[in-house]
Amino acid sequence: MSSRHLQLGCTFRYSSLAPTAAVFQVGPVDQPRATLRDVSWSVTGDLPLHHYRDLYGNPCTRLTLPTGVTTLTYAAKAEVPDALDDIDEDAPETPPTELPDDVLVYTLASRFCQPDVLGGQAWKRFGHLPPGYRRVLAIRQFVHEWLTYTTGSTIATATSVDVFTTGRGVCRDFAHLMITFCRALNIPARYVHGYMPIMDVPRVEAVMDFHAWTQVWLDGRWWDFDARWNAPRKGRVVVGVGRDAADVAMVTTYGAPWLQLMTVTCEEIQP
Amino acid sequence: MSSRHLQLGCTFRYSSLAPTAAVFQVGPVDQPRATLRDVSWSVTGDLPLHHYRDLYGNPCTRLTLPTGVTTLTYAAKAEVPDALDDIDEDAPETPPTELPDDVLVYTLASRFCQPDVLGGQAWKRFGHLPPGYRRVLAIRQFVHEWLTYTTGSTIATATSVDVFTTGRGVCRDFAHLMITFCRALNIPARYVHGYMPIMDVPRVEAVMDFHAWTQVWLDGRWWDFDARWNAPRKGRVVVGVGRDAADVAMVTTYGAPWLQLMTVTCEEIQP
Amino acid sequence: MSSRHLQLGCTFRYSSLAPTAAVFQVGPVDQPRATLRDVSWSVTGDLPLHHYRDLYGNPCTRLTLPTGVTTLTYAAKAEVPDALDDIDEDAPETPPTELPDDVLVYTLASRFCQPDVLGGQAWKRFGHLPPGYRRVLAIRQFVHEWLTYTTGSTIATATSVDVFTTGRGVCRDFAHLMITFCRALNIPARYVHGYMPIMDVPRVEAVMDFHAWTQVWLDGRWWDFDARWNAPRKGRVVVGVGRDAADVAMVTTYGAPWLQLMTVTCEEIQP
Amino acid sequence: MSSRHLQLGCTFRYSSLAPTAAVFQVGPVDQPRATLRDVSWSVTGDLPLHHYRDLYGNPCTRLTLPTGVTTLTYAAKAEVPDALDDIDEDAPETPPTELPDDVLVYTLASRFCQPDVLGGQAWKRFGHLPPGYRRVLAIRQFVHEWLTYTTGSTIATATSVDVFTTGRGVCRDFAHLMITFCRALNIPARYVHGYMPIMDVPRVEAVMDFHAWTQVWLDGRWWDFDARWNAPRKGRVVVGVGRDAADVAMVTTYGAPWLQLMTVTCEEIQP
């Protein structure tokens, strides 16, 4: 399969009044559909960075922001297949009795995804559909139509119930609502945060940002579903997966440093 | 240190209309303060049981409930120290910059614990107190006084915000609210579910049940805090730990079998 | 127009530990489509009853429940037209600039009806429809399909947002959700509580109870809409109207007497 | 009693894309403690104003904002007593059995005040206190300490439950929370919106605005309580009263005109 090449990365500039612990989830690692190279981290004052894996196996980077201004930049090149997300409309659901042990956690309620509250909606809308990939497509379609993408529409504590009610959200909310419906039907679903280029699609966004979408477990593997775009895409590079956005934050700070600047890049380049 | 001995266990009887996947978290394993022996599992029809560890390392037991009535019984003996929960009122908090990587997850928001919502309350009440074990005691005392223990007062979806509002809860709610305040202050805290005997305390409860409490990370280790009882106790046997009750359910079923009977035992015996 | 005749009424039996103020809204008065006669009130010990009108003009009856058991019975005959609810599918909406002063209050948010929260949903679903009676029918149809009638599904504090989320409710919830959408579109809507016979419809309910529905202001008058039944009905007898169920409670008690018994009657009789 | 004199008023400038109905509640009328004179209304283009009273007897002013920019100015002089709010610490509560019929509505739940949810808190904190004015003072003191006055802390849909949880609010939230606790105890309480000068108090506010406070029914009359300031004040001029801020909005518009400018004046003048 032919490949394409991305330049990706981000810069964060924080101003701190006191030393502040911070964890970044911005640097992907090699994965089935993306190979990384020329990875570089740079940080003001050459502060020590500590790289580790979290509970879900996601690569994380810790540092202590000193008093004053600190700028951290991550950059890498990624080689990705020149192909859309995998699709198999005939992929069956795996009954709960057959799910792998380590997948079960993705059937449970979490901070932003409350299948225990929206279960009635899920069963009323999707409970009668034949199980399988196409049912998950129906969920994706529904969420895509239900929510109107609205920049700035949600606050950090907004849950899937909140956005179901208001009908507005950003990409994380599309992911949360889709996850919630899947879990209510006992279909494992998880939250994915990563880079996604505008590649071979009409250039609809002025400002590039990180993206969030959903992975659903069907027929023995995870499949990408993107309720915000409601179509397969090319070039996803996963940074982290988890139960919802509470698990996979770009940056977690223990304190309240001022974010002065944040830029994100993910563009196609020549190899 | 001298020991004491417990007989513990539980029985669940379910009636299912269709084969139903179920996961039980009822069988503890050896732990720093409890040694298990004479462990037995029995289940109607000698159904196969599958034992595994979840994301947090908790022992879990899976089976498929067949159509009809299934009874599962777990029983074991536990040797526990004849000693109250460890206490060190001078134990310091660990600043976030020094926390172990794998403890960080217990500072985040989760399904039932929303430090992102109750942060203002936490800082107003406890933010000015000197960091350390005594501050956590102040939180325990506050939660103990804030909530009135009320059987049947909460529904399965009640969060720490809900019980903070109503002022009523059961042991899981005491644990959730205490966890929430700790996390808001950047103190790692987790939910513990297990067996706890009525041992050397006035016999206040007519019916024995599972119990839930809180563990807080201070000075390089986890400490038990029990906001429901607001005092150290003897004989805790941990079954599972997690971010909150969503992670550590006694039983998770994928379907809606009818729970006909549930009994729990945890009594002192002669060795 | 030919008439039909109803025997209606109710009995409440309370047990009080202390004298308790109580207000009953159970006795209708003459209205455009119902004439009352043979009205009787009876109460244990011939306690004094005080009849008055509330803020909305509804007939209310106050008494003080003494310590012990008190039984109150209301009974009356009503003559109602042998005709279904009025319908005019061509009735136009009245623009807010033309609404009567005293109708404006029914465009505002209230305890159980939050057009300020569900406004996005209302405009997305109904904003593009031509204004008028048929748009209100579309709302009625939507609410009827959205909510599954489920006895015991809601708690006393459940709002239109709550039942929109769960998809389940009883008649008051159907009324609240319909009111909410209308108000979000600047269409005045109010809550009605009253008696409704099972008359000329298949006898679908085993137990008779009070009923709640919606009135909507169109073309200079109020029209009945019943989202629970989603069809015109015969024989409605209005007891009270208000912004929502908080305004129009069958019984409000200032204290917590034990309701031992409640029966409601509304049956067709020969004149 | 000697008098003092205020110049009060406000200006609103709206830009509308279409003719928009609007209701203003900004013009007080004579009341026990304030006499109005030199009242003037001016509006762009000399648009017709329609004055009426709402359900609660509040003076309201309707107009239709035409397409384009409209400026409305209200101004008046008020003579007020040179005296602090009335106080009688020995005033008794009136038992619900003795409350006037038309006061009962102020014991019920409303859009922003949910005594049905916060009842447990109210009874736990204030239920044991002797009934009367001093108990209401204890509520005022509690609310004053519980909420931190925080400009911009609440959104328009924030209820008393929401601000109880976050611990932050503006003057309307202080009023709502105090009302909620009173009603939970069966003490009638209502929301007041009006003008209040900075008179004989340290000048703590840079920008003058409307103010909201609470009136509580004790001993046969309404008394002013101001949980935001937690002290008696001089010079209140009531514009409107109601069950909560949903009833008493400065401006209600049926559409979404752009508020370009709003200024409020309430200053002492020489007679």
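Going by the order they are written in, the chains are A, B, C and D; count residues from 1 in each one.
Going forward, a residue touches a chain if its C-beta (ideal position, glycine included) is under 8 Å from a C-beta of that chain, and two chains touch if they have at least 3 such contacts.
Keep in mind the model is a prediction, meaning the values are calculated, not measured.
Student: Taking the mean of the CA coordinates per chain, how far is subunit B from subunit D in Å?
Tutor: Comparing mean C-alpha positions, subunit D is 47 Å from subunit B.
Student: Distance from the CA centroid of subunit B to that of subunit C, rounded to the nearest Å?
Tutor: Taking the average C-alpha coordinate of subunit B and of subunit C, the gap between them is 46 Å.
Student: Distance from the CA centroid of subunit C to that of subunit D, rounded to the nearest Å?
Tutor: Between these chains, centre-to-centre, one finds 31 Å.
Student: Provide the list of subunit C residues touching at least two other chains, using ranges where the numbers run on.
Tutor: Only 117 qualify.
Student: Edges wherever two chains touch, nodes for the chains themselves; is that graph a line, a ring, a star, complete, or other here?
Tutor: Topology of touching chains reads as a ring, each chain with two neighbours.
Student: Of all possible chain pairs, which ones touch?
Tutor: A-B, A-C, B-D, C-D
Student: Subunit C touches which residues of subunit A in the complex?
Tutor: Within the complex, subunit A contacts subunit C at residues 117-118, 120-121, 124, 148, 161, 164-168.
Student: Within their complex, state which residues of subunit B touch subunit A.
Tutor: Of all residues in subunit B, those touching subunit A are 19, 21, 23, 50, 52-56, 60, 62, 64, 95-97, 99, 101-102, 104-105, 107-111, 114, 116-117, 156-157, 186, 246-247, 252, 254-255.
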